[in-house]
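Both complexes shown next keep subunit A, but they swap its partner, so subunit B is in the first and subunit C is in the second.
Then we have the complex of A and B:
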């Protein structure tokens, strides 16, 4: 099966006042048609950076991108700005963590959706307004004809996120990038939004790249998942398989630090130390200084992604055995 | 049984809302309505609920950072409901708070050492004693001594939150309110902070009100748990009893909405319709009635009271017990 999106060896370097930041150093990622693919990792590991790179949202004057991002076989890094603009919102669209800051506070939600639709399709005003209502109904904001005329501040956070989703799916994109779409929401609302995303993905055959820091969200929504650490993907695989038996020591430690598995008051597993600052290009395994299994070789070279059975890839010289359950 | 460290009786906190038009009747936001709880010495009391349910206001009211609209608050047996200004000062020393975002609770230009010493100075602790105490606490929270010469932007979120905990412990308070202390942190750092809290609790026999929106964290840490919805407690019990025997429909939905690692879990998911109703025009019946999957006609007519259904398990629902 051909991949819808294929990222190979993507590096992103950002200029900062303190020098070059190696934000991404060789990301490999593939999203299949129709699947929900999760990217999970802690703050600063490059999840959002990867998402923004796909849409080329970095300031070109202050960043340098190398590698390859192929979408339906087209190389996105070679496209002109105009071609890229055409792609954004029609073939690939994106929703963000905080819907309130993404919506225009002094414009009705119907107006915003209609405007966006007109820009991309050249439709007339009346047609776009119709479409806006149809989209709102599709994401569960009813009665749409009345809600269309409301302003963002009149809606709750969950409803605002639904508006963002309505806007993102207006042109039936093939890929939706959702950057922490439920992090600002309460759990009961989070459940509603995740349900909606899954349903839309199934109905429209749309792939979703879901970025989150919550393994629980991944477990319930994603078909496959990639774990990121310090600007690299360290493990990729089928969600269920990875959660039950992570091969990379970092993924496993991360899964084990989630409370809820052990008895009340039992000690939670922690990862000693903190993630590396990204001011130097990585030459060895980035996790080695914190890894309980690290050996001399780990500090000398970066491990390539290797298959540990059934399409499950891990970037580790000493991948862990699957038999040990990851979450006891 | 000895006197609990903090005890609230029928606590009510309302905020007046300015009327938008002349002559419009005044409206009131019912942030906390009729909450009673007591936290015994050495235990951690958890408050869970979604945003806007009044959990932070409850914490602030117990510390008397808010004036109280109705009911009583007792601290170590003393009625502190109506104390004001100067009379509260000696209490402040005994009651401390830890906030969600450590970057916002430290002065960004002030060195850590100075921030910690200031606390001691305000409460007239002798300088040499304070110095020794600070060094001891740094050791407890596993940070090197040169931390004192740094400013907050040089620290990570987890390190700074540990310092916030140390600052709260500096005066040996009898009671601490921790308002979402781990919500802004990554899971691996969150685990470190939770471990630290469990250690410190043993060592200093801390009494704490732990406010969180995460059921799993509360379950892991707390002895007693109260679940809040729209300003009222809907269910309260010993932690183990509550989580093994979820009785209120709201608690059940809240628990089932949490994404877990178990792929089978999702099938039993109860997805709630709608949002939290406004705390300004609270309906007369059960506050949860509009969203409750088991709602009956009586639920819309009268508000259910908290009642004991055995094992000190309190539930406010017409359909339980």
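Then we have the complex of A and C:
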């Protein structure tokens, strides 16, 4: 099966006042057609950075991207700005963490959906407005004809995120990037939004790249998952397989620190130490200083992603045995 | 909306009453003798002086004088000038055209220059172009109106002879230099505000959304960012137009334009109470009307204000 999206050795360097930040240092990621692919990791690991890189949303003056991002075989990093504008919203679209601030506050929601639809399809005003209503109904905003004329501030956070989704699917994209789409919403709304995304993915055959820091969300929605740490993907695999037996010590430690995982009354597991600052390019395994299994070799070179059986990849010199429970 | 406008109009009336009292009092606090300026400082008999005082109601108590003045104003009669011996209404009517066209032209010019300059600076943030524009605008922020006016006159009227140095009321060409002089301060401040607000808007989440959904860059900047940036820009612009009324006084005097500013200055010099009171009250009224228009404009632009 050909991958829809294939990221290879993607590096992003950001120019900051304190020097160059190596935000991504060689990300490898593949999204298959129709799948929901999760990216998990702690804050600052590069999840959102990866997502934004796919649509090239960084300020080009203050960042440098290298590597390869192939979408349906097309190299996105080689596209002109115009070509990129055409691709955004049509082939790949994106929704964000904070729906409250992600919509234009002084434009009706219908207007915002119609606007992008017209830009991409050249449709007339009336047709675009029809389409906007249809899309709102599709994401469960009823009655669409009335809601269409409302402004973002008149809607709740969950409704606003639905509007974002309606806008994102307006041109039937093949890939939807959802950057922490439920983080700012309360739990019941979270579940509804995730359900909506799953249903849309199934109905439209649309792949979703779901960025989250919540393993619970991954477990419920994702077919496959990639774990990121310090600007790299350290493990990729089938969600259930990875949750049950992660090969990378970091993934395993992360899963073990999910609240409610241990016995009742036991202390919440944590990972000692903290992630490295990213002011220097990585020369060795970034997790090695915190890893209980690290050996001398781990501090000398960077481990490549290697297959540890059945398409399950991990970047570790000493991948953990799936059967043996780890002691962190 | 109608209720909002009515409420604001009511507030405006209260402000105007307070302002009229203030103006009335301030004119009388100044240490000057109106009778002396009526007679051009000539020696006249005490009787004549008394007659003049009676004619202009200066023999009455201050509260009585105020009531006489304000009753006249409410009937559209600003009183008779001490020095010109003409109705203040007439004197204002003769000159208001010049001042209003000067302010209007300067305001338009300022907006037409400032907003594009601000937008370009924001989009090209921290490039040489932004730095050049910032430096230029800083110079104009720092330069007072009368200095700008004098320098412009020196360079473009006296040296290059592109424009006349004196305004004689013959068409738009004569108005250009004064309008530029008056506009520059506003260009500087408005473009700075435009730049700051635009940078803030361009970094906001909804702009990222607009970009992510594939809108062309130009459309994102103009119909999304600029439209959202307009409210702070309009706020500053309206205050600036008020300040311009004051600046116009100086510019008119530099270019000998004979507008309201000239009238006001000569009125102050001569302790011509009705002229000073009339012109000042008119300027305050214009300022208040602009403010009201701006508040209505806010509501038109921003649904969050409109629907409250």
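In this section, the second predicted complex is superposed on the first by the 322 of 328 C-alpha atoms of A that agree within 3 Å, B and C clash if a C-alpha of one lies under 4 Å from a C-alpha of the other, contacts with A are read in each partner's own complex, and residues count from 1 in each chain.
Here is the rule we use: a contact is a pair of C-beta atoms (placed from the backbone, for glycine too) under 8 Å apart; a residue touches a chain by one contact, two chains touch by 3 or more.
These numbers were taken from a predicted model, which means no experiment stands behind them.
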Joint occupancy of subunit A by subunit B and subunit C, clash or fit: fit
Contacts of A:93 with subunit B and subunit C, given as first, second, both or neither: second
Touched partner set for A:279, first subunit B, second subunit C, both or neither: neither
Which superposed partner A:216 touches (first subunit B, second subunit C, both, neither): first
Per-residue contact with subunit A, leading partner among subunit C and subunit B: B
Which superposed partner A:105 touches (first subunit B, second subunit C, both, neither): second
Partner chain(s) touched by A:257 [first = subunit B, second = subunit C, both, neither]: first
First, second, both or neither for A:119, with subunit B first and subunit C second: second
Distance in angstrom between the closest Cα atoms of subunit C and subunit B, superposition on A: 8
Overlap of the subunit B and subunit C footprints on subunit A, listed as residue numbers: none
Touching residues on subunit C, where the partner in the complex is subunit A: 126, 204-206, 208-217, 219, 224, 227-228, 301-304, 307
Residues of subunit A that touch subunit C when the two form their complex: 55, 57, 61, 81, 85-90, 93-94, 96, 98, 101-107, 115-116, 119-120, 151, 153-154, 164, 167-168, 170
Complex interface listing, subunit A residues touching subunit B: 42-43, 156, 158-159, 186-192, 194-195, 213-217, 219-221, 239-240, 243, 253-255, 257-262, 264-271, 274, 327
Complex interface listing, subunit B residues touching subunit A: 50-51, 156-158, 186-192, 194-195, 198, 213, 215-217, 219-221, 239-240, 253-254, 257-263, 265-266, 269, 271-272, 275-276
